[in-house]
Structure formats: C-alpha cells, structure tokens
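Scrolling down, you'll hit the structures one after another.
Common to both upcoming complexes is chain A, partnered first by chain B, then by chain C.
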Partner chain A sequence: MEERIMLKGSVALAEGALTAGCRYYFGYPITPQNDIPEYLSLHMPERGGVFIQAESEVASINMLLGAAAAGARAMTSSSGPGISLMQEGLSYMAGSELPCVVVNITRSGPGLGGISPTQGDYKQATCGGGHGDYYLIVLAPSSVQEMYDLTIRGFELADKYRNPVMILGDAILGQMKEPVTLRDAKPVTYDKPWALTGPKGRKPQLVKSLYLKDGEMEVHNWKLAEKYRRLAEEDTMVEVDEDADADIAVVAYGSCARIVISAVEMAREEGIRVSRIRPITLYPFPSGEIRRVSEKVGRFLTVEMNTGQMVRDVRLSVAPGCDVRLLARPGGAIPTPQQILAEIRKALE
Partner chain B sequence: MKQVFKRPETLIKTTTHFCPGCHHGTVHRLVAEAIDRLGVREDTIGVAGVGCGVFLYDYLAVDVCEAPHGRAPAVATGIKRVNPEKIVFTYQGDGDLASIGMSEVVHTANRGENITVIFVNNSVYGMTGGQMAPTTLLGQQTTTSPRGRDFHYDGYPIRMAEMLATLEGVAFAARVAVDKPANLRKAKQAVNTAFEMQAKNMGFTFVELLSACPTNWYMTPLAALRRIEEEMIPYYPLGIFRQRKAADYL
Partner chain C sequence: MLYDVIMAGFGGQGVLLIGDLLAFAAMREGRQVTWMPAYGVEMRGGAANCTVIISDRKIGSPLSVEPAALIAMSQPGLVKFRERVRPGGLMVINTSLADPESVARNDVEVVGLPANEIATEELNDPKNANMVVLGAFITKSGAVSFEKTLDSLSAFLPPERQRLAEGIARALQRGKLFAQEGR
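Showing the complex of A and B:
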C-alpha cells in the first residue's frame, strides 16, 4: 500500500535510493548534504547494503566506479568542491558507460563559496563537467516528493542508458519537510551482462575508456552521441503550465521554480496572461517544448539563482526573434515572488 | 614424460607490447601463476592502473576494470564490496601508486580491504617517457631530473612496503625483486601468499616488486638487471615487513 509521510528532502532522496535498490553508498562529508550520508550510514547496513565514508571525493567516485562496474546500483552525494573533485571519475564512467547516481546539493562558488541555496553549478552539471565529449543525465527536483521520485527515476535512467546521472538540488530542497507518497511499485531494473563478476563460464570482460587504435575513439564518441540523442528523444522531462493566450512565459527549475509558481499566481490574479515552464531534466534540456511555446509567446523570462546560466539554453531553444530576459540572483540570494512579478510587468511594458 | 613448465592458463597466449628486458611481463606471469595455483581464474577481477601495465586485459584471462590514474585501490574497493567472495587485485606502477594514488592505497590498506595490490616499482614513469617517480633513486637521471634526483629539490625515494606495513589493516606487506632466479622464487612465493591470504579473507595484501625499465634507464636488459642488484636492493631492502597469522582483526 502506498504510504504518505512527512520527510525532509535529503531523507526522501536517501529513501528513494533505497527504494530503487541502491545498496552501495560512498561519500565524504561536506555541508549542506551531510544529512544524506548520516541517514544512509544508519539505514544502508540495515537493508543489507554497504556504506563507506571514503577518504575523499576522489576516492568516493572511484569506489562508485568499481561498484558500478561490478553491476550494482550505487550512489554518492556531495557539494561544490567535492563535485569538482569527482569530475575525472565521472568522465571515466561516462566513457566506460557505467551507470551511477551522483547527488549535488549545491554550494555557491567559486571556491569554498557559501552554503546557502544556489544554482551556480548548472553549467558544470549540464556540460558534462569533466574532460571529453560526454554528458551527464541531469535531473532537477523541485519538491520533497521529487527528491524521492527523481532519485528512483535516476537509477532507472542510469541503467537504461549506462550513463552517470546527476541529481541537482540545493539546501532548500535538502532541508525542507513536505508530505511524500512512498511508492510500492518495484523500480525498473535492467540486465547487466557486461558487469565484472569474474569470467565464470564466459569470456573475460573488460570495462575501459582507453581507445588508442586508429579511429576507435571517434567510433566510440559517435556511439555515445547517438545515446544522448535517443535520451533526448525518449526521456526529456518538463512541466508546462500553459495559458493558450499567454503574453509571456517564465522558465525556472528546482527550488527557484517554486517561487515562480507564487509569482505566476500573483500575476494571473492581476489578469496577466502568463505561462510557466519548468525543466525537470536539465540535460537533456527541454528545447522542443520551449521552442513550441515560444512560437506563440514572444517574450520569455528566465529566473535563476546564479548570474545567468540556463538562460543560454533558453535562448538557443526559442524561436527566432523571441525576447528572452533574465532575472538572476547569485551567491545564495533568493528572488522573491514580488521581484519576479515586477520583472514580468516590466517585460510586458 | 611429465611436463614441468608451461604457460599458466590465466596468461593469454600472445605477444606483449613491453620493451625488451621489461619486467612487467614477468610480473604478469607471477600473477597468472598465483591465480592458477588457487584455481580462481573464473572468479578473479583485476583492476589496471594507468601506466605500462594498463593493458592487463590483453594478457590475463580474467575480468578487468581500468581505473583512473592512481585510483585502482578505490575502484577495487567498490568491486570487492559488491563481490566479497571474488578475488580482486590491482596492478599498479610507482607513479600510479606512490605518487598520484598515495591517498587511495594508504586508506584502502588502512580499511583492511580484502584485496591484493601488485606494485611494480621500476623507479620511473615508464609509460609517459621516463620522468622522475617518487621512487626514483637519489642521483638517478630521468627526463625531469636531468641532473640526477637531488633530495634538496625532490625529496627522497619512498619505501612503500615499509610504510604500509605500519598500518593495522595490512595483512601482508613484502618487497621482492625479479632480477634473478633466487629472487624470483621468493617473488613467486610472496605473490602466492598474498592471493592465498585474500582467499582466506585475511585482509589487505601488498607485494612490491623491484623491476627493470631498461628503456627509461637507458640501459641494456642485462645492465638493468645488475642495476636492480647494485642500486635498488641496497636502498629498497627485500623482505616481508608484515604478515598476519590469522584474520584476527575480524
């Protein structure tokens, strides 16, 4: 039976991982995501899993690489500097086509930065982040329910595409408590005939990302590219709250999209015709839906908790001539509904 | 007639990419023999570090995972935790293990992770063209210590086996050489012991093998063998520095 309980965002995420069948967690402490490892250090062993506090994020991501190569559902979580340290490992995992889930409960930056809510890692997350021609699948929850649901979905997508998935959250999503409906449906699983388990009754297998022979690497790059194309076609997720006669569309993701909901309600009370678009997958970016809406709406407003990162993807997606504006608050500052409403009014002047 | 010498089943019949006189091939063989001896080929997963040993999978008929440079012990940790009943080993050079991967090997050893680490110490970075390694001997000329390694500039060569032997999680830490038959026999014993102890769940096992890289030592294979005896062994003494008798830490 489905159960509805009050949970904190980080706990919902951890429960999502357990529901998805993740039994291996590797991580190194960093604020503001410590609730996740603390919760899993208790509950992972209780459910027959393994929790290791690694000596660094470099070690975490490589333990994850090993567990994934062995065919297990495994995850790590971190923030800003720790995620930066994981980039080499993520690149190897994308290159070796290994599935995993990496959670980034962001910190503002650059550098040691601050721990208040921010979306400054959009660029790093959606452009691959490490070296080479690859992408992460990036999911952006916007509620505690989605911290749970998208974590489960994350493990499914990671296995489906054999690619690392990043859950991009922030301190608001990690810390707030909301009612969550726990799922009893079984998560989708995938056979992993490629997993390293020792060559019993079969040929030896290999997990690698090194391609030195002439032309080999290009073939591999195109194979990955085809996978990302299929991903965009089949698994792009976006929430569109559309007014068929809208004069403006507001785009925001994650915790910022919550504030936009309030602003849009206030605008509609004033009689302003406005649509709202919330990308749920940041990679693949819902360019198609944005393009479709922009064919009818000539003005867009992007709201972000950074200096303007997603706005570039919005500009690349909209129909020619569409005016895309930006309301940006970096460094842990949070835009208010009033501020967003004022921007909407200004754009329509 | 009884056959007394043959290619181990774990060693794939092929030619290698190693330079003449390189000891990587010898160490591959020792690992293959140890796996054959325990009859665990089908239950073995190797982790290849980045260096001239990265093509492990072309030579050993076991499952192999490539690890980023230095991270093989962390990768092996992940594999072993998922497959605790399998035999898991890493194969690493001295740049890989003693420089960029120092943190991973120390903490993996300290956790008493039940894996075997095969450490090929040839006192240079082979794959990248003979640069100075943390194990490069004082006075040794490399492409990045053209005047010879000077401790004022570069510090001292690191003795990994002794260092790891101080950690409680370590079940076995030994240094051997593969330069002549007498040493080779001991090397074979040490590698066998390490894999056997892993099979008995006794904890982290480590074998450092003093090996030649004639190419980046600018020597003939014969001169390289002499160098192991005359220059390496005096600084890197052979022996077993720690050997647990039972899995008593459990």
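Showing the complex of A and C:
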C-alpha cells in the first residue's frame, strides 16, 4: 500500500496545486479558506514559486490574469464575497481564453453571510458568474483526497481548454482531515504557443477579450460554445453508485454527498432500493448519466446545502415525468443522514 | 465496524490535538478515518470540539449525530454533547473541570478521572491532562490499539516537538492505568 498521510482539506488542495506545477499564488485573506494561503506562503517560495498577498481580491484576480497570459500555472483562492469581487476578472479570463484555477471555499450568503458550510454559490459558479456568454469548469471535491486530486486535474483541464477552473469546496472539506495518498505521476502539461513570453524571434501576439469588428464577437462566442460542448463530451465526471432495481435515486455533491453516503447505507439496511449520484463536475453537469438513471428510476431526491440550486439542473436532466424532490438546508445548516433517510421514506410512500 | 467519538473542551486544553492523535493512530492501523474540528464561532467563544470517525470501510458523513462516545474535558463540553451519546455508549469525563453527576443518564458508561490533578500533581506536566484522558479513553473503548498509539507518537509529532513524546507517552500510560484500576 502506498503511504497515506493525514492532511487537512485546505492543505491537500494547496499541495495539489504545488504538485500540478503551480508556482504563482495571489490572494487576499478571508475565512474559511485562510489555511490555503497560510500553507502556500511557506511552501510556495520553498519550491521556487511566488506568493503574493495582494491588496484586494480585484488585484488578486488581475495578477492571476497576468500570470496566466504569460503561460504560468497560477491560482487564487477566496470565499463567497471575495469570489464576487473577482467576477469581472474571471469574465475577462474566460473571454481571453486564459487558464487558471480559482478556489472558492464558500461562505453562506448573500452579503457577508456566515462562515459555516454551505453550497449557496452553486448558481454563481455554474452559470459563469460574471458578464457575458461563458462558463467556468467547476469541480466539486467530496473528500480530502479529492481536494488534492481534483486540484491537479483542475490545472490540467484549465490548460487543455484554455479556460478558468473553479474548485468549489466548503468549510467541511477545507477543515476536515483524512488520509491522503500523494501521487508520484507528473501532471499533464500542454504547450502554450499563445502565451505572451516576449516576441523575440517570433511575431508579436495578443491575448484579449475585446472584439469590435463586425461579426467577430459572434465568431468568438461560437468558438467558446464549441469548446464547452467538447468539454462536456470528454471531461464530464460523475460517481454513480447504482442499484439496478432502485426505486429512488439521491443526487448530491461535495460535502453534502458524504452525508448522503451515510443516509443511503442506512436506507439499504432497511431494504430500500436506492441509487446514489454524485456530480464531480458541476459544469459540465452530468446530465447524461442523470437522464440514463432516471429512465429506470421514477423518483429523484436532490439534497443541497442551499435553498435549491442544483435541483434545477437535475430537473432539466431527468426523463419526462420523473418526480424530482428537494431536501434543502441553507445558511450553514447541515442535513443529517437521519433527515435524508426520512425524506427518502417520504418520497416512496 | 464504525466508531465515532466527539471530544469537547475549552480552547487550549488540546481536545483537537488528542482527536488528531487518535485519528493518526487509526490511520496507521490501516483504518479509514476522518477528523472534523469545530471552527469559527465556536472557536471564538472559547470552546473547542472535534469529531473523529474510525471505520473499516469508506466513511460517509464526517459529522456524528449520535456518537458512540464523548470525551468531555470541560463542563460546557459535557453539557453540550451529553444528550447525544448513543445508549450503551461511553463518556470519559475530566472530573477536574466537569461533573459526571450532571450526565443524569443510566444508559451510558461513565468514566471520570481528575485529569488536571493527575497531570499537575503526579506527572508534574499540566499540559498533558488531555493525554491522560485519551489514554483512559483508548483503553476503555478499544477504538484503536493502545500500543499502536504509543508507536505512532514519533511519526505524529513534528521534528521540533519530538522532545514531548516521552511526557505524552507517560500521560497516556497513566490514563490507561486509571481506566484499568479506577484510580
């Protein structure tokens, strides 16, 4: 067995970034994600990287834009309100097709909200968040191991598609410790002939998101749309724990999906036939798998730590006539396995 | 098998640390384990607690509604969680700062030990009151092997803290003795 070490989620994520070859971090402090910059402020310089505590989140995201335009693997992390401040920069980066990783260890909101675990930023993360016709690639880890693995994958996907990637976590995932196996394999890297590295010996090139000539913005939008189509086809990730004779399927992501695992175990002990679906990419959303399962299972239960955001994507994905219910706990409240089990029983009455 | 325990006390008593050591020892036994600290408002209020879950298979929720055990290092910690321990469960209580009479349940096993007095007067090592309690808990619960926990100490402690290993081991041993002999 490979050696397991005990790491906090935030630290595993930061270590994943270093493993992926990220050597530039820019950020501004906010609870509950401060363990990430704390760890990187020590270890990024040790590995020859640059750590900058910026003067604001707006500065952070624009420093990230600069590093990405120069072809570097770069990251920032923040929480709810700070991520809102970064939306302009994210839109510019998506428009300029610049790869980066942005981590959101969420706070409940709106406004300054609270610091307890929440999934209230699903809508913002999966609908782009800023202005214009774009999407982020959104990854939702559910364990400390995935905080590490999906951060590495995030850097790879960002470069593959030249698009910002968001890692969407919460305080449970950030604060919890679990055994993690670090990997030896080198991360996948991509050539970046578009990067602004100085025009010596080649023609000058431009990275921009401004398209004023007649029709060229539409051409650019369709190019981005084609990219998102290919992303959905090649890199949608989902975990399905399927019972072939299930009467109900439960959908949840992130920390909430962990609680659903416990609830599904309890339901199965009672003889309830239940399948479990965990979207790992929230964008692209695993509509295909949800549709496939829904053609056999007439009832779905979506469990979320918000007032009901992902449930809309589930409803758009299922086969016609499938009954999609919602168990929602917003504002830092966490559903218990017992509560989820009760909801499963109710749905099957 | 799944074993879950909540540890609660004041900030500074080292409840997060004993949870961390328990989880680390369980990992070294090859088990699945989660360690989930309370943070934020609770931390700012001067109270601290964490949940450790040890299992032979993949762990779902890292939080526990009805844990098998409670370690209470303080009275507020005891009051906060005393109702939640499952019937048949275990409570290990630091009687220096919490009153076992206040448990007011007869469906759980209660082990009380004056950890602060033991650590201060017998061991001359007041900071290790938490380890005395952990030693008693591990012995009573069998959640992890006591010997494996001792063996894990040097790997658990960072290089600059290795000198603390001996004192921790002594405190764990004292807690074990108390659990076995009731004094």
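Operating definition for what follows: the second predicted complex is superposed on the first by the 346 of 349 C-alpha atoms of A that agree within 3 Å, B and C clash if a C-alpha of one lies under 4 Å from a C-alpha of the other, contacts with A are read in each partner's own complex, and residues count from 1 in each chain.
Convention: contacts are C-beta pairs under 8 Å (C-beta built on N, C-alpha and C of every residue); 3 or more make two chains touch, one makes a residue touch a chain.
These numbers come from a predicted model, not from an experiment.
Novice: Tell me which of chain B and chain C touches more residues of chain A.
Specialist: B
Novice: With both complexes superposed on chain A, which partner does A:50 reach: first (chain B), second (chain C), both or neither?
Specialist: Only chain B; A:50 stays clear of chain C.
Novice: Per the contact definition in the header, classify A:176: touching chain B only (first), chain C only (second), both, or neither.
Specialist: Touch status of A:176: second partner only.
Novice: Tell me which partner A:105 touches in the superposition: chain B (first), chain C (second), both or neither.
Specialist: A:105: touches no partner chain.
Novice: Applying the document's definition of touch, where does A:297 land relative to chain B and chain C: first, second, both, or neither?
Specialist: neither
Novice: Between chain B (first) and chain C (second), which does A:265 come into contact with in this model arrangement: first, second, both, or neither?
Specialist: In the superposition, A:265 touches chain C alone.
Novice: So, does A:72 touch the first partner chain B, the second partner chain C, both, or neither?
Specialist: first
Novice: Contact residues on chain B for chain A in the complex?
Specialist: Touch list, chain B to chain A: 41-45, 47, 54, 57, 60-68, 71, 74-83, 86-87, 103-104, 107, 111.
Novice: Considering only the defined contacts, which chain C positions touch chain A in the complex?
Specialist: 20, 23-24, 27, 30, 32-37, 39-41, 58-63, 65
Novice: Looking at the complex, which residues from chain A come into contact with chain B?
Specialist: For this pair, the touching residues of chain A are 24, 26, 50, 52, 54-56, 58-60, 62-72, 74, 88-89, 92, 96, 196-201, 204-210.
Novice: Quick check: in the complex, which residue numbers of chain A touch chain C?
Specialist: Residues 1, 4, 6, 31-32, 115-116, 171-172, 175-179, 255, 258-265, 334, 336-338.
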